[in-house]
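These notes open a run of structures that come right after.
Shared between the two complexes below is chain A, which has chain B as its partner in the first and chain C in the second.
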Partner chain A sequence: MTATTTPPLVKRLTGIGWVRSNLFPNVWSSILTILLLPVLLYSGYRAGLFLLVNAEWEAVERNLTLFMQGTFPRDQQWRLVAQLPLFALALGAGLGTASSSAQDRAIEAGLPHERTSPIGIVRRFWSVIGFVLVLLYFASTANPWFVVLGSVLAFLLGFQIRGLPARFRLYGWSLMSLLLVAGFQVVSGTTGRAWLVTAIVVGIGAWTLTGSERIVPGWRTWALKTGAVIVTSVLVFLLYSVITDPGVGWDKWSGLHLTLWVSALAIILSFPFGLIMALARRSGLPALRLLATTYIELIRGVPLIALLFMGQYVALFFLPAGSSLSSISRAIAVFTLFTAAYVAEIVRGGLQSLPPGQTEAGQALGLTPPSVIRLIVLPQALRAVIPAMVGQFISLFKDTSLLSILAIFEFFNVRSLVHGQPDFRVVAHAETLVFVAVGYWAVAFAMSRESQRLEGRLRVGAA
Partner chain B sequence: MNDESTQQVYADATKAKGDAIIELEGVDKFFGDFQALKDINMAVGRQEVVVVIGPSGSGKSTLIRCINHLETHERGRIVVDGIELSEDIRNIQEVRRETGMVFQSFNLFPHLTVLDNVTLAPRQVRNMAKADAEELAMKQLTRVKIPEQARKYPGQLSGGQQQRVAIARALAMQPKVMLFDEPTSALDPEMIKEVLDVMVELAEGGMTMIVVTHEMSFARAVANRVVFMADGEIVEVGTPEHFFTNPEEDRTKLFLSQIL
Partner chain C sequence: MTTPPSPLSTRVPLWRDVRVLRVVGQVLAVAVAFLVLRWLLGNLTSNLDRLNLGLDFGFLSRPTQFQVPYHSTFNPRAPVADMVLVGIKNTFLAGFSGIVIALTVGLMVGVSRLSQNWLVARLATVFVEFFRNIPPLVIIIFFAAAVFTFGPFPNLREAILVSAPGSSSNLVILSNDQWGIPGFAGGSPLFTGLIGLGLILAAAGWLWRTRLNERTGRPHHRLAWFLGILIASVIISYLALGRPVSMSWPAQSENRRLIVGGFALNWGFMSVTAGLGLYTASHVAEIIRGSILAVPKGQNEASTALALSGFQRYRFVVLPQALRIAIPPIINQCLNLVKNTSLGTAVAYAEIAALTQTSIGNGRPALQSLIVMMAVYLMFSLSISLLLNLVNQRFQLVTR
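Showing the complex of A and B:
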């Protein structure tokens, strides 16, 4: 490897050479080109004509706020405005931590690694950033500009965690989780069981950060960790009994805001549930196996739309009397249960793809069966199924538009509000459709790109 | 070895040199209707090196995989360092902690660096602190002569290097017995030597080893006893010089004539 090597010569074609080798390399391709080219050019021309010249974007311009936050109480709008920079800060901290630790690992293993830069991030998320720019273009006041600017600054601030020494980076993930919870509760309030969510996040942080490797492990470490969790939980509980902000519950959320939250929660919840189902289906206990198989096959045999209706109406018979789950909570539950069944099958595929020698090697070393699964089987099986799993999550994200049949005004269904307005009752239906479609596409495409990136990164060294 | 009676006793598979660390008594193993092991009686003494040879399908691999319970035997007793293998998972774990195993296909964990491959079991099973486990791992990697590869992933290494990492990974558990299941069969010829060299050093260092291999040079040079198996049975046992120069059974002669 130390010897100097000349890179292979890559023939770069320009102009006529490119046209000849790509469009007219042989008779059949030439015929295809001659047939398809006019069709493509003409439809491109018509699309451009519609988007740039003929379309009336007034329906989108005047209802931009409606598309973003739907029927969210307007006097509480500051909550949403506060949420964005908090999330940007969290995202920055998370990406900064991820990129710096990935870089450390690559350097240790002597592998090439590209340093994440703000420009690299723009390239990764260009579809989402492009959509935000479209939104800003439609904005009629300067306020959205301030929100976006504030969020960008918050992101860059959070990203600075990358520059800190490695021992501070340990705190990056905890900081990110805490900011995400804060962002959520700025909107949803701090009453009810909000303290529990915060206590869990803070508790996990306290558990991982206290008594690290440098202290000799033993009962002292466990006592220290348990103590830290208890103390922080009590502190959180006391804090939340002082700050009692009612907030705006998610039964009042709508628009893109709701779409993103429903998708994110269903994705986060369905993953562990699907994982457990996949392991249960391969378990040695016949009862457990039967239960998991029945669940998976039942859910996969019923259309999502039927399950969503069942969640609204049939679930009443199963829930204890007097329980008042909002229809949004039920919808999130249905999306979670539905996606979990598919995730379970995807993960099972990954588990089967692993050579038996891996498990045997773990067993031969004396690892317990749960350790073999946790440390050897799952990390490899999950890597193998990232593309399929992200595909399932993209489906879930788009399927949240089905909430419109339950009279929930998520992003897609905001259209029916817009076209209920006298000015837009019959006009601009195509324009709002295009706008909503671009919104979904921007997020779905970013998810797809991130999955490809992750796949490429994790394949490194695992050849 | 010059003692006539020792030689005689020693050619018996059930008698070990010194006190036995591994004992098998009347072990039977079935795969469905196929009997893979037939009434295996064998003992291995401390610091003894036993090489198991035989045609493919003769049950050599199954034999050593029974010793750390990767395969379940249906009849008979297997005792490792005073622990009898039973269905009790704690028993099995205990035996596995004392026996290291090296596989034909290496079976390194591709998602972990070399160092993490080696420290995984000491940290998880022996509850060692990270720093201690890494120190131990580096010692073992130095022993197999690849400390400089510690931060790499298995996929970046050659076959011979991977197998040496696999040996270091097993050694890091400081086992009392090492089982080798055709450790050089998946290697290119030029890499076989580097792995055999490590195994020879290990044997010279006093490790108890059971080695399934086709490397007759290794058997000649290192083995205290050679066990020849065919059709799930132990056909003949002897010291290497006895075994290679003066085999008694026809099956052994046939096998040796085919491979030598």
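Showing the complex of A and C:
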């Protein structure tokens, strides 16, 4: 049947008509409206009265720096100031690259493409932007304004990468990751651990960037890739023996800065680990399956706090005598291991949703098992689980508040520093609580909206 | 290969033979896991030897040595095992009450989000978006601060006593520390056992009526049967055992520092249950809304065509299909709630995580204490997973 369908007529209601059909459609609904309206108006009035008139925001105003960067050494503050524009640049480059691939896909599918415009971004991330404006409102000097302005400009600059042709797109992504690493290292310094982080990121970049167009790479390609990794690692090493900068290690980070970094690091590190666990759990090898299942079910069966206690009280027993890991490093490790188990379950859902014909078709084409997974299974499975994954990362972000139970001064626990000050010992508890809650809410809400948007765009989730 | 072999005798080289690779892969994985574990355990034993610490669970029978908050009857000289039992009981209490709040509020809000009434739907949306995007810890602390620490209630010495008109016993006692509500006093193991028996009988009655309905199509009235058997057995055993329980009304002790009689709720418990209940309710509401929307529109239209009323449409067509989708994720949320009761640590609620932390602070061996605590949570998780599997079996759509 190819009957043309016309959409049903929608009557646009205005004024009285709208009120009647939306507030008083029948008796029960009218009673509800009449009961709810005064309650709503009164609580709105009380909330407005508190937020705008009665609240004493001095505790937040005077401690804004504390909330943002915690006890980060003040003479090293320039590091944080430099970090933000670098990240904005990275974010702009990343979004620009993503938007150009989305554009390509849309053109390929013959669909209209909605261009990512700055105004669209403001509309999508209004909660975060609102929170930043609240922060600027509380700022007592002009410096935060300059930092925000610089970051916005850097973001717009990075976004100019949009429209990148497909064969350069990998460079867009690697530019983004290099900027992220640079931002990390402006703060953490370029010694020891930082060397390792950079070498890994640059190594992965070199591995993916060199290669052939062939689907199944031959030994020449492998040799080329390995060579590229070795050369870049040596270059990174030489670079680091020239530039050494002590920096401020993450053991000294706190405040919102620490919260964001713990979430980001745990997200980045848990993803590959969870992916491997999911593949192991779905593999045909019983021993692998058993190991992965035990790990996943054990971790998922206990609360995060139990694992954080493990990391805090007994993790050092399991390491060679004399080795030391700061409590923040141990917490990041615990968050990573914890999230990996959940990521594994989510990815497993995606793998299960894939019809077996896909794998069989790949095998029929003569692809090796790793190539089947890399080229056929994963792209489809991962696409299907992006929204669920974002949901997991939201809950990871919220769970970083548990660090306060370990006496680590992340965003939420800065409150206890503020209320340790003689001026705010018993006052303004509600104000700081509201401020912190709004901060968490703004970020988590924006992320959840993004995941809903992705769900709609990828047409996954509820079929 | 230099000499091309004849096609018939082609043998896959060993390193490309799938059968060989499978075995090698598994042996390698097990070996790596084994080596890592051995390394960790080797470090553990050498560290424990160096520090002169044991790995035994003897501490469970040694005295607890601290007072469990809000358990004035708990003797600090009681063994640690008793403290663990108190922790399990409190974890269960908070988990159970939290689940009751989460399911009721979640169901109401989830259905409200689909309401025709603009105001109701908007309010439900605001509720969901608010509670879903704030860390549960912040919500719990908010309740603790807004209702108790800095709330409107006086301290326990000047507590608000609410009594029913014309009676001298209190219905409720409100303070910023503890609330008292009516409870039961007395009771005997025999009475509890009889009630348990009544519950089993009632469940059997439910099953029998369901089977009967499935076999003959007669109306089952299973809820009436279930409640009838249960109430009858409670009344019969109550009378037969000579009134073993009585109502107990809350009252203040002589020095006004404690609540005696009735059932005392402390502020930690109430913050944890209210906070987690509402946090989880926002997730449950989303699940319920999603699963109602997931029922195909044709089902609704078909039941309207069959002239079912609005209630009948929901009761017999939409909800049975929606619940099949909704129940597994809802049980998962309940599991999350039980695990989240560990946040009681932040408000000094004496559940297993908080007690374990205090106990470690008092010099009990950390590793063993944490193993006990994780075992307790695994027990809770596994029993809820078992329930989930049973429910899944029952509700799974039978196809082909």
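The working rule: the second predicted complex is superposed on the first by the 414 of 463 C-alpha atoms of A that agree within 3 Å, B and C clash if a C-alpha of one lies under 4 Å from a C-alpha of the other, contacts with A are read in each partner's own complex, and residues count from 1 in each chain.
FYI, a residue touches a chain if its C-beta (ideal position, glycine included) is under 8 Å from a C-beta of that chain, and two chains touch if they have at least 3 such contacts.
This one's a predicted model, so the numbers in the text were calculated from it and none came from an experiment.
When the two complexes are overlaid on their common chain A, residue A:317 makes contact with chain C while staying clear of chain B. Ranking chain B and chain C by residues of chain A touched puts C first.
Judged by the touch definition given at the top, the superposed model places A:375 against chain B, while chain C stays out of reach. In the superposed model, A:405 makes contact with chain C only, not with chain B.
Shared-chain residue A:365: touches chain B; no touch with chain C.
In the superposed model, A:40 makes contact with chain C only, not with chain B.
In the superposition on chain A, contact of A:444 is made with chain C only, not with chain B. Contacts of A:109 after superposition: chain B is touched, whereas chain C is not reached.
Comparing which residues of chain A touch chain B with which touch chain C, the overlap comprises 462.
Interface residues of chain B facing chain A in the complex, by the touch rule stated above, are 68, 70, 89, 93, 96-97, 99-101, 103, 105, 107-111, 113, 120-121, 124-125, 127, 129-131, 151-156, 166, 169-170, 173. Contact residues of chain A toward chain C in the complex are 22-23, 25, 29, 32-33, 36-37, 40, 280, 284-288, 291, 298, 300-306, 309-310, 313-314, 316-321, 394, 398-399, 401-402, 404-405, 412, 429-430, 433, 436-437, 440-441, 444-445, 448, 462.
Of all residues in chain A, only 108-111, 213, 216-217, 355, 357-358, 360-369, 371, 375-376, 379-380, 383, 458, 460-463 touch chain B in the complex they form. The residues of chain C lying in touch with chain A in their complex are 22, 25-27, 29-30, 33, 40-41, 43-44, 46-48, 50, 115-120, 123, 129-130, 132-138, 141-142, 145-146, 149-150, 290, 293-294, 339-340, 342-343, 345-346, 353, 356-357, 360, 366-367, 370, 373-374, 377-378, 381-382.
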